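The data blocks that follow each hold one structure.
What follows is a pair of complexes built around chain A, which joins chain B in one and chain C in the other.
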Partner chain A sequence: MVNNKAGMTLIVKTITRLTVGLIMLFGIYIVFHGHLSPGGGFAGGVIVALSFVHLMLVFGKDFAMAKISRNLASNLESVGALMFLFVALLGFLGGSFFHNVIAKGKPFDLFSSGTIILSNISIGLKVGVGLFAIFLALVVLEMAKKE
Partner chain B sequence: MIFAAIVAIEVNDLLSSVVAVGAVGFALCVAFLILKAPDLAITQLVVEILCLIILIRATIKRDLPLVIEGRWVFNTFVTIIFIVVFLFLSYFVFKELPAFGQPIMRVANLYLNEGVLKTGSVNLVTSVILDFRAYDTLGEATVLFASIIGLMAVLRSPGRKGKGKV
Partner chain C sequence: MGKEFILSLMVIIPLGTAFVISLFGKYLRNFCDKAIMVSSFLLLALSLYCRFLLTNTAGTLVYKVGGWNPPFGICMVLDGLSCFMLVTVNIVAFLIALYSLKYMEQYTDKPKFFTLFSLMVCGMNGVILTGDIFNLFVFVEIASIASYALVAFGTEAEELEASFKYAIMGSIASIFIFIGIALLYGFTSTLNMADMAKILTVKDSFRLVPFVAVLFLMGFGIKAALVPFHAWLADAHPSAPASISAMLSGLLIKTLGVYSLVRIFFNVFNAGQVHTVYLKVFMFLGALSIIVGVILAISQWDLKRLLAYHSVSQVGYIILGIGLGTPLGILGGLYHLFNHSIFKSLLFLNSGAVDYSAGTRDLKETGGLAKVMPVTYGTSLFASMSIAGVPPFNGFFSKFLIILACAQAGHIGYGICAVIGSILTLSSFMKVQKFVFLGELKEKFKKVKEVPFSMQISMIILAVVCLLGGLMFVSPLKFFLQDAVNVVTGGMSYSNAVLGGGK
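Here is the complex of A and B:
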C-alpha cells in the first residue's frame, strides 16, 4: 500500500488492483494478435496507455510516475519509432523498402506473417507510451499551474 | 448521433458539451460495427475513451460559460454561404462517384485474392496497412511522433522553472 491519502477511495483502489493487470494484458493480446483478429498495434497501444492512465487516476500522480517516469516514457517511444523504421529498412534484404523478408509460416499461427507482427509490436509500444506521455505532460502542467 | 452533435453545440455548460461529444463518438463506433469494420470500431472506442478522460480532466476544474456575442449576423451569413458553395460543388463530385456498395475494384481485388498468400496474415486490414501500404503507416507514425515531441517541448517550460532561469 502506498500513500493512502492520494487518489480515490479504498473501494476504487481495490477494484483497480484486480482489474488493471487484466486491462494491460488485453492490450498486449490485441497487439500480438493484430494479424489474426480485429485490432492491431494502434488499438492495443491505446489500451495499454489507458491502463496506465487508469492507474494514475486512481492512485495519484506519484504512484504512476514511480512505475514509468517521463524520461523512460519518451525514451521508449523513440525506441518504438526507431524499431518501426528498422523493420522498414529490413526490407532492403529482400530488395525494397518494407519488403516482407521473414518466412511467412502457415496462416492462423501466432508467429505467422513475417514482419507484420514486428511492426505491430513497435507501433503498439510507440502509441501506448506516447499517449501516456501526453497525459503525463498535461497533468504535470496542471500541477505546476496550481502551485 | 446527429441529435447529440446538435446538443453538443447548443448546450451552455462545457461539461455537458463534452459528454455530448462522447455520445457522438460512441454512436460512430456503433455505426462502424454496422458497416462491418470491427478494426475501426475498436480503435474509435479506445481513442474516444482516452480523449474523454483528457477533456473531462481539462474542463472539470474551470467551468467556463460559452461566450456568444459580437457579430453573429455576419458569422451566420458567411457560414450559410460556405455551406451553399460546398453543397453546389459536392453535387458535381457525387455525380462522378460509383454507386454505393459497388466500388471499382481494380487494385483491391489483388489484395483480397492474394493477400493471405503473399503476406500470411489472416486479417486482411492488417495485411494492407502494414504490408502493401506500410509506407503510409510509416508516415502516420512520423506524424504522431512529431506531435508528441512538439507537445512535450511546449509543456516542459513550467516544469523547468523551479530549477532556475531559462
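Here is the complex of A and C:
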C-alpha cells in the first residue's frame, strides 16, 4: 500500500483489505433495502462511513483522505441534503410536499416504493459523508493539538 | 393545489438556502450575501402574505404534507398564534441578515455562518408551523444544534466553553422533551397535536399529564431560560457574534421555549382541572424570572452580558402575562413577546455596533460614543426606552397591560413584582446610556467611525418598529394580536379546527 510505515500491522492491513469492501457493500445493501427490511438511509450511511473510518484507522489518515478529501466530503454532504429536498419537492408534481409521485411497483420488490428509496439514498449519502467528515475533523484537531 | 402550500415553503426556502450556500458559497464571491438576502426577504414577504391569507379565509389553514389527512400524516397549521410568531420571526430574521452582511466580515467563513443562520430560521419556522409533536421536537433540535455551533463561531476559548455548556443544557432539555413526547405517544397512540388534545379530553389522564407537564416545563423552560433553568443563557448569549445574540435572545428562546410551552399547555393539555396549577407555576416562575434576571443584570459591566440577563427578566414578563390565563394577560404577554423580540434584537445589534467600531463592550472602558456614533446612540436610546417601559414606546404598553391584567385578576403581588422589575430595568439602562454613549469621549475613541450603512439601516428600521409597535394595540392593527389570543384562550378550538380540515 501507499505507505507501509503508517497505520497498523501487516495482519490487520491484509484482513482489512479483504473486508472493507464487504463492509461498504453491506452498508449500501442496508440503504437500498430500507423500505423492505430494518435499517434505511441513516443506518446504512453509518455503515458506509464506518468502512472509511476503518480504512483510516488501519492505513493512516493520508490514505483515507486520498479517497475522499475534506472538501469533497463537505460538498457531498450538501449535495445529499439538497437531493433529499429535491425528492421532497418532486412531491409537488403530485400535489403536495413529500407526495410519493413515482409508481409504487409490486410490494417487496427492490424498486417498489416510489420516492422512499430515493430519499433513503440521499439520506445515506448525507449521513455517510457527514459522519466521515466529523471523524476527519476530530482526527485533524487531534493532530493539530500534538504539533 | 390550494394556497396552503405556502406553509411548506416557509421550511423549504431556508433549508434549501442553507445547503446551496454551503455548496456554492466557497466558490462564488458574494454568492452567500445575495442568497441570504433573497431568501430572508422572500420569507418575510411570504409570512406577511400568510397573515393576509389568514384574514381572507377567516379560519385555520392546514397543509397536509404528502397528502395524508391530519391524524395520520404530518400537517402544518397556520392559525392566529403561529401566524403572529411567524411574522415576528421573519421580520427580525430579515433585519438581522441585513445587519450581518457587513458585521460578519470581521469573522472568517461567512458562508458557514449563513448556512447555520438559515438552518436556525428553518428550525424556528418549522416549530411554529408544525402540527405534529414529534416534528416539533425535530425542528427544536435543528434550531438548537445550529445555535450551539453559532455560539462557538468565534472559536475563542470562552466561546467554546459557553457553547459546550449551552450544548449540554440544551441536550438535557431535549431529553426531557423527548421523554415527555414518548410518554404522551404511548398513552394516546398519536403524534398529531390536535388529535392528542382530543384523546386527552376523553381518556382519563390525570396521572400522566401532570408528570409530562413537569417534563415539558423543565425542557422548554431550559430552552426559554426561565429562572431556575437560566444559567446557560448568560454565557451563551454574550459569546455569540452580536447578530446571533440578537437571534438567540430575540427569537430562539421565545420560539423554542415560550411558543412551544403555550401551544402544548394551552392547546393540547386543556382537558382537566389541573390547568390552574400550571398557570400558578407559570406565574410564579415568571415573577421569579423578572426579579432575579433584573437583579443579576444590574451589576454587570459587560454590555452583552447585561443584555442577556435582561432577556431572562423580560421572558419572565411574557410568562407572567400568559400565566395569568385571562384574555388581557395573554394579550399583554404575547404583545410583550413581539416587542421584546424587536427591542432586544435592536439592543444586541447596538452592542455589536459598539463592539465593531470601538472594539470593546466593557462599560468601564467605553464612554461618550454618542458624539461619534449618532445612529447607534439614537437607536439604542429608542430601544432602551422601550425595554424600560417609557410611555410612547412599545414596551410601555405591553408592560402596562401585563400589570393591569395582574391587578384585574387579583394578583397584586405579581403586579408589584412587575413594577419593581420595570424600575430596575430603567435604572440599568440608564447605566448603559451613561457609560456607553454619554459623558466624556475618551482620547482613544476620537477616531471611531459610525458603522457601515447596511448595519445602520437595519438598526433604524428596528427602532422605527419599536416606536410604531405602540400602535399595535389600536384597533386597525389589533387583529394581529387578537387572533393569537383567541387561539390561546380557545383551548380545544385548535384541535377542532385542525381535525375539521381547517375551517
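In the analysis below, the second predicted complex is superposed on the first by the 147 of 147 C-alpha atoms of A that agree within 3 Å, B and C clash if a C-alpha of one lies under 4 Å from a C-alpha of the other, contacts with A are read in each partner's own complex, and residues count from 1 in each chain.
The rule is short, and it goes like this: contacts are C-beta pairs under 8 Å (C-beta built on N, C-alpha and C of every residue); 3 or more make two chains touch, one makes a residue touch a chain.
The shown structure was predicted, so the numbers you read here are calculated from the model rather than taken from an experiment.
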Which of chain B and chain C A:74 touches, first, second, both or neither: both
Contacts of A:85 with chain B and chain C, given as first, second, both or neither: both
Between chain B and chain C, more extensive residue contact with chain A: B
First, second, both or neither for A:133, with chain B first and chain C second: first
Common interface positions of chain A, toward chain B and toward chain C: 74, 77, 81, 85, 88, 97-98, 100
Residue numbers on chain A that touch chain C, as the complex places them: 74-75, 77-79, 81-82, 85, 88-89, 91-92, 94-100
In the complex with chain B, residue positions of chain A that touch it: 30, 34-43, 46-47, 49-50, 53, 57, 74, 77, 81, 84-85, 88, 97-98, 100, 104-108, 112-116, 119-120, 123, 126-127, 130-131, 133-135, 137-142, 144-145
Sites on chain B touched by chain A in the complex: 38-39, 41-43, 46-47, 49-50, 53-54, 57-58, 61, 116, 118-123, 125-127, 129-131, 134-135, 137-138, 141-142, 144-145, 148, 151-152, 155-156, 158-159, 161
Complex contact set, residues of chain C against chain A: 1, 5, 8, 12, 15-16, 18-20, 22-23, 63-67
